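Listed next: structures, encoded as structure tokens.
Look at the two complexes coming up: chain A is in both, with chain B in one and chain C in the other.
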Partner chain A sequence: MLKNNVKMQKNLVLVTFLFIPTILISLFMIYPLIRLVALSFTSWDGLSLTKTFVGLTNFKKIIFDSPEVWLSLKNNGIYFVGHLLFIPIELFLAFLLDNRVRNSKMFKTITFLPYMINTVAVACMFIFLYSSQDGVLNSMLQFFHMDKIGWLSDPEIVNYSLTGVSLWKFSGIHIILFLAAFQSLPKDMIEASIIDGASTFKQFYHIVLPNIKPVVEIVLFLNVRGALQIFDIPYVMTSGGPNHASETFTVQTINTAFQYQNFGLACAMAIVLMIIIIIFSIIQKKLFNLKG
Partner chain B sequence: MEANLDIKKETTINITKRSGSGGEALKVLLFIFISAIVILPILITVFASFKSLPQIGSESALKPPTSLNFENYKEVLKSANVFVGFKNSMILVVASVVINSLLSTMVAYCLTRFDFKLKKAYFAIFLVGLIIPGIVTEISRFGLMTNIGVYDTLLAPILIYAGADLMQIYIYKQFLEQVPVSVDESAMMDGASYFTIYWRIIFPMVIPATATLGILKAVDVLNDMYIPFLYMPGVENRTLSTLLFNCITDPRTSSIPKLSAAAVIVMIPTLVIYFIFQKYIFSGIAAGAVKE
Partner chain C sequence: MIKKKLFKNLRLALVGAALLSTVVAGCSNTNSTSSTASDKKVTLKMALWGDDEYKYMTETNKIADAYKKVNPNVTIEVEKIAKTEYDNTMKIRSTANQLPDVFPIRQANLSLYGDTMVPLNDLKATANNIYAKETMIKGNVIGLPEAVFNEFVFYNKDIFKEYNLEIPKTWDEFIKVSQTIKDGKKYTPLALGLKDSWVNYPLNEYMPMLEAGDGQYYNEMATKDDPFTKGQPFYDAYTKIQKLYDAKVFGDDPLGYGWDQQRAMFVAGKAAMFAAGSWYKSDYNQNGGKDENLGVFLLPTRNTTSDPFYTTAMTEFFWGVPKTSKNQKEAKEFLEWFFGDYYTQLATAINIKPTMKGVSYNDKFFTQAFDGVDAKSVTVFYDDKYNKVKNAMKFDVNGIGQQMMAGKTSLDSIMNDLNAQWKKARGN
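Then we have the complex of A and B:
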């Protein structure tokens, strides 16, 4: 009797507690995902009631007949490489911030500051820095009697300028993640090495680095995902210009859907992106483990 | 890495090396250089927000304004509806944080304390959520939002922010796993129902985690541009982020001094949160890294 009562109560709790979350997750996460796959096989324009099934046409079009899509992926590659090159630096900075530099708390606060600032506000700040007239960087160049640079207007340079903004904004999060990993290491391990007289560099390379491998892997994965999905910075600062030069994969996908009303194709692009992220992460993980 | 949300007193074993003072100076110099890179763009923007357009053209960007001239701020407050944006952002923050903490703790409670059929499905969803590229899947969620009639209302972002934050469920779950079940059991002996246990014991017990996750959520919501941009094009529904985005193209506010003033206004809320709740933010990020 009492046991039955408890069991009934358990079921009641499960139903009342999980009902709303389960509906929300199904409706706003799982259903859109299924719909994404389904729509990728249609030529839907996002408005009309009929959705014509077109088979693999969208995927064929992306792979064989969309040079602009692959060009945009090259731009994503610039963000990816930029952040990848910064990872060793971020690791080293985090290592120093782990009480190895005076005022490390203050420097930690400053290092993470850009990550907390609204991306649109960051974009505004850098629009001024990069501006061709009155811009801060060009005024500096002029001061040194050098030629002005079209930071955001030169198609050859714009992606590097935007990657710079991305580095400014997002490097802090990597540093904080690495720092958290360092701080979770047992202190006596490092102390022992200090007594042995190991230099800061030796402590870093031989003792600390091998022990934070999992976090390095996380950051590498976040970098793949972040670089392939970069959207806000190019969209707000250049809207993909000049003449599509700074469009990234996600900017193109969103434009394909909402500007060119080709939802079917955009959904196929989303799936291609998902596959690229998965493949890239696996390859990177394999390479990383080979080396480590 | 251990998921430990307790705000630990950082054990300050001083591992700074005492010997090489030259190396110490070099490290400090390195961080002063990094601090300059972080702070200068912000400082330049704050300076510019107090200058007039001719001053921007003729003065060095690093020259502090000669007087605190709030003309640009007044102009921005007049032409962009900052108060509406602030109000909307606050509604989104409060609704998302409250709903999300309730729903997430309820799910985490069920996941850690009971066995039930959907449990495996929930764990599978955690993995799926990791791979899905959030930006592009919005294309297929878009149709759903228009269909259920929440498009261009504050409900659309609230449903998304509060609905399916798997990361937070996961962190709560880890937190609850550290709370011994014997606590529940002894309450049960005293005749408490599962509901009472959740509300009187579990929920109060996870308040430290709720503080951390709530602050992180608030910052995410305040800084998000994409979801409000996509789902709430109406002028009356602008948030701080979309309002600033609009300032970039609006000729009344697009000049550098006015845009700078608008950017300063928009970055203030998250920076205030950052300076007050820094510790919580850092510990929340460290806990989140465990999942990914």
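Then we have the complex of A and C:
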């Protein structure tokens, strides 16, 4: 009897504590996801009371009849490659900041600062930096008697300019994640390698790197997700222009829904993006673990 | 012992119940109406996005107090929603059945609300509204426009004086004026921050209508398969725009700066001209621009002075009542009252060009633009058919403006491409 009571009490406590998180997750994650999937099979303008079921038409349109959507994915690719190439540099900077430079605390703060600034503020700041009218970068170029560059106006350059902003903003969080991983490593391993005469590079490559593999994997996943979902920087800085040259997949999705009143198609695009992220993450994970 | 256990269980049950009630209370729907069958007290919720209107209605001449005098049982609650958030907020509220009882719709979204709003055909205010019948959706007036905006070219008088320039009367004269300022190498002739594509709407969006002399020209385009062919108003208008773009009168790299910098350049006297609607005047003053230097003229898009001079009239703030409102009768009565004396005072106070018959408008600043010109207004309106084609092919005239400015694709190629896409979108 007493045992039963204790069990019941335990269950009651569990239910009470899990009630709110479960409700919140159901309300803000599971329910919207179900609605998203349901809406992706409809043609809906976002306002009408009726939603017409159109089956797989939206998905067919995205895959076979929307070259602009796939072109926008190419722009996402530039962010992905840019951040991917920057990961070794981030690793190296984190390695240096792990008490290997003077005033490392100050540098850690400086590194993390851009991540703490609101993205819209960052975007506005860079708009003035890149501006063709009295912009800082072009003024510097002119000071050195060089031609102005259309940082945001040249379709060939604009995506690289925006990737630069993204790197400035998000590298800090990657560096801090790597730094946390370094600091969680047992000190005796490094000490043993030093006694064995390992150079700094060898310490890093043979001891540090294999031991922080899970963190590198997380950063790689964040990179795939972040690059494919990038929205705020291109939206605020160029609105996807000039003439759609810097439109990313998410900018396209938002415009499809809110500018062109096609919520059904936009929901289908969101699902396609989700599937692409999952596929990319699996491929990346497999490639990463190839070496064992 | 048993008592203690019971107390413990009861406490846990109470905690659970409290949490549940919090969630239920949070999710519950608060009704805007408190009514009884005999003496119906009603609260009408009203939402808007305009700063000037909101200030007038809540501070200068409180709309709630003014209406209380006429109808003591009705309380008006005014809510202001940020301009940039307004459209999406209304869409979200519509899906949640939470639309306010009275609210304005932006013209760009009017056709979307065709099935959502109550027809206002029978109101006296509708009969007195100059533009209501021109802006019907599916044969019904679903919103009464509050204001009408003309498009102008604002110019810096000092710069015009410096180069001894006169107000241009034709498109070629306009380009020539721009060219003269450009040749002076001192000022940007026409500030156009094309990084934000929408800023070229007076050119890329409105010029086809001016060329056709029809504010509903886009609606007519929706009935054709190839409206971008040579000889059609759209093509001819874009040929003129291309000529202006080719003159490179917008500064070094117009695609590299946006609206904010465009405004700053004009206010600082670094740019000579600025194309925008009458709404820009208050923005100019708020940013420190001085009226002494500011002049205004209508964008001259005609070929010769013997051609008719068309100018656009864009109606905006379409006040309507949603079908989901539980107080439709009261809301319609309120609109009838709103577009009476209160509207006359509002229009005068915030200096908007009125849409109601008999309401006078005497803005000396903008009147100067019409002096000596026999301008004919064409009322801009986009219907359901056009919006369907536009959304299906993601037709973006302002984006085309950026493409033309970039100069990497020929106009003919752009137009051929548009014809193909338009035909396909119509077919779907």
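Everything below uses one rule, namely that the second predicted complex is superposed on the first by the 269 of 292 C-alpha atoms of A that agree within 3 Å, B and C clash if a C-alpha of one lies under 4 Å from a C-alpha of the other, contacts with A are read in each partner's own complex, and residues count from 1 in each chain.
Note that in this section a residue touches a chain if its C-beta (ideal position, glycine included) is under 8 Å from a C-beta of that chain, and two chains touch if they have at least 3 such contacts.
What you are looking at is a predicted structure, and each value in this text was computed from that prediction instead of being measured.
Visitor: Could you tell me if A:N58 is touching chain B, chain C, both of them or neither one (first, second, both, neither)?
Guide: Once the two structures are laid over each other on A, A:N58 reaches no partner at all.
Visitor: Taking the superposition on A as described, I'd like to know which of chain B and chain C A:P214 touches: first, second, both or neither.
Guide: Once the two structures are laid over each other on A, A:P214 reaches chain B alone.
Visitor: Could you let me know whether more residues of chain A are touched by chain B or by chain C?
Guide: B
Visitor: First (chain B), second (chain C), both or neither: which does A:I127 touch?
Guide: both
Visitor: Quick check on the superposed pair: does A:N223 touch chain B, chain C, both, or neither? Answer first, second, both or neither.
Guide: In the superposed model, A:N223 contacts neither chain B nor chain C.
Visitor: So, A:P242: does it touch chain B (first), chain C (second), both, or neither?
Guide: second
Visitor: Let me test your reading of the model: by the given contact rule, A:V13 touches which partner, first (chain B), second (chain C), both or neither?
Guide: The answer is both, since A:V13 touches chain B and chain C.
Visitor: Applying the document's definition of touch, where does A:Q183 land relative to chain B and chain C: first, second, both, or neither?
Guide: first
Visitor: Of the two partner chains, chain B (first) and chain C (second), which one does A:T119 touch, if any: first, second, both, or neither?
Guide: first
Visitor: Taking the superposition as given, does A:S161 touch the first partner, chain B, the second, chain C, both, or neither?
Guide: Touch status of A:S161: no partner.
Visitor: For chain A, what residues appear in both contact lists, the one with chain B and the one with chain C?
Guide: Touching chain B and chain C on chain A: residues 9, 12-13, 20, 46, 127, 131, 133.
Visitor: Considering the complex alone, what residue numbers of chain A touch chain B?
Guide: Against chain B, the touching part of chain A is residues 9-10, 12-14, 17-18, 20-22, 24-25, 27-33, 35-36, 39, 46, 93, 96, 98-103, 107-114, 116-121, 123-129, 131, 133-134, 136, 139, 168, 173, 176-177, 180-181, 183-184, 187, 190-191, 194, 200, 214-215, 218, 221-222, 225, 228-229, 231-232, 236, 250, 253-254, 257, 263, 266-267, 269-270, 273-274, 277-278.
Visitor: Residue numbers of chain C touching chain A in their complex, please.
Guide: Per the stated touch rule, the residues are 5, 8-9, 12-13, 15-16, 19-20, 23, 87-88, 91, 94-95, 112-113, 115-116, 194-197, 251-258, 260-261, 265, 387, 390-391, 394, 396, 399-400, 402-403, 405-406, 408.
Visitor: Where on chain A is chain C touching in the complex?
Guide: Touch residues, chain A against chain C: 5, 9, 12-13, 15-16, 19-20, 23, 45-49, 68, 127, 130-133, 135, 148, 150-155, 238-239, 241-244, 255-256, 258-262.
Visitor: Note which residues of chain B are touching chain A in the complex, please.
Guide: Checking each residue of chain B against chain A gives 1-2, 10-17, 23-24, 27-28, 30-31, 34-35, 37-39, 41-42, 44-45, 48, 56-57, 60-61, 103-104, 106-107, 109-110, 114, 116, 118, 125, 128-129, 131-144, 159-160, 162-164, 166, 169, 193-195, 198, 219, 222-223, 225-226, 240-241, 244-245, 247-248, 256, 259-260, 262-264, 266-267, 270-271, 273-274, 278, 281-282, 285-286, 289, 292.
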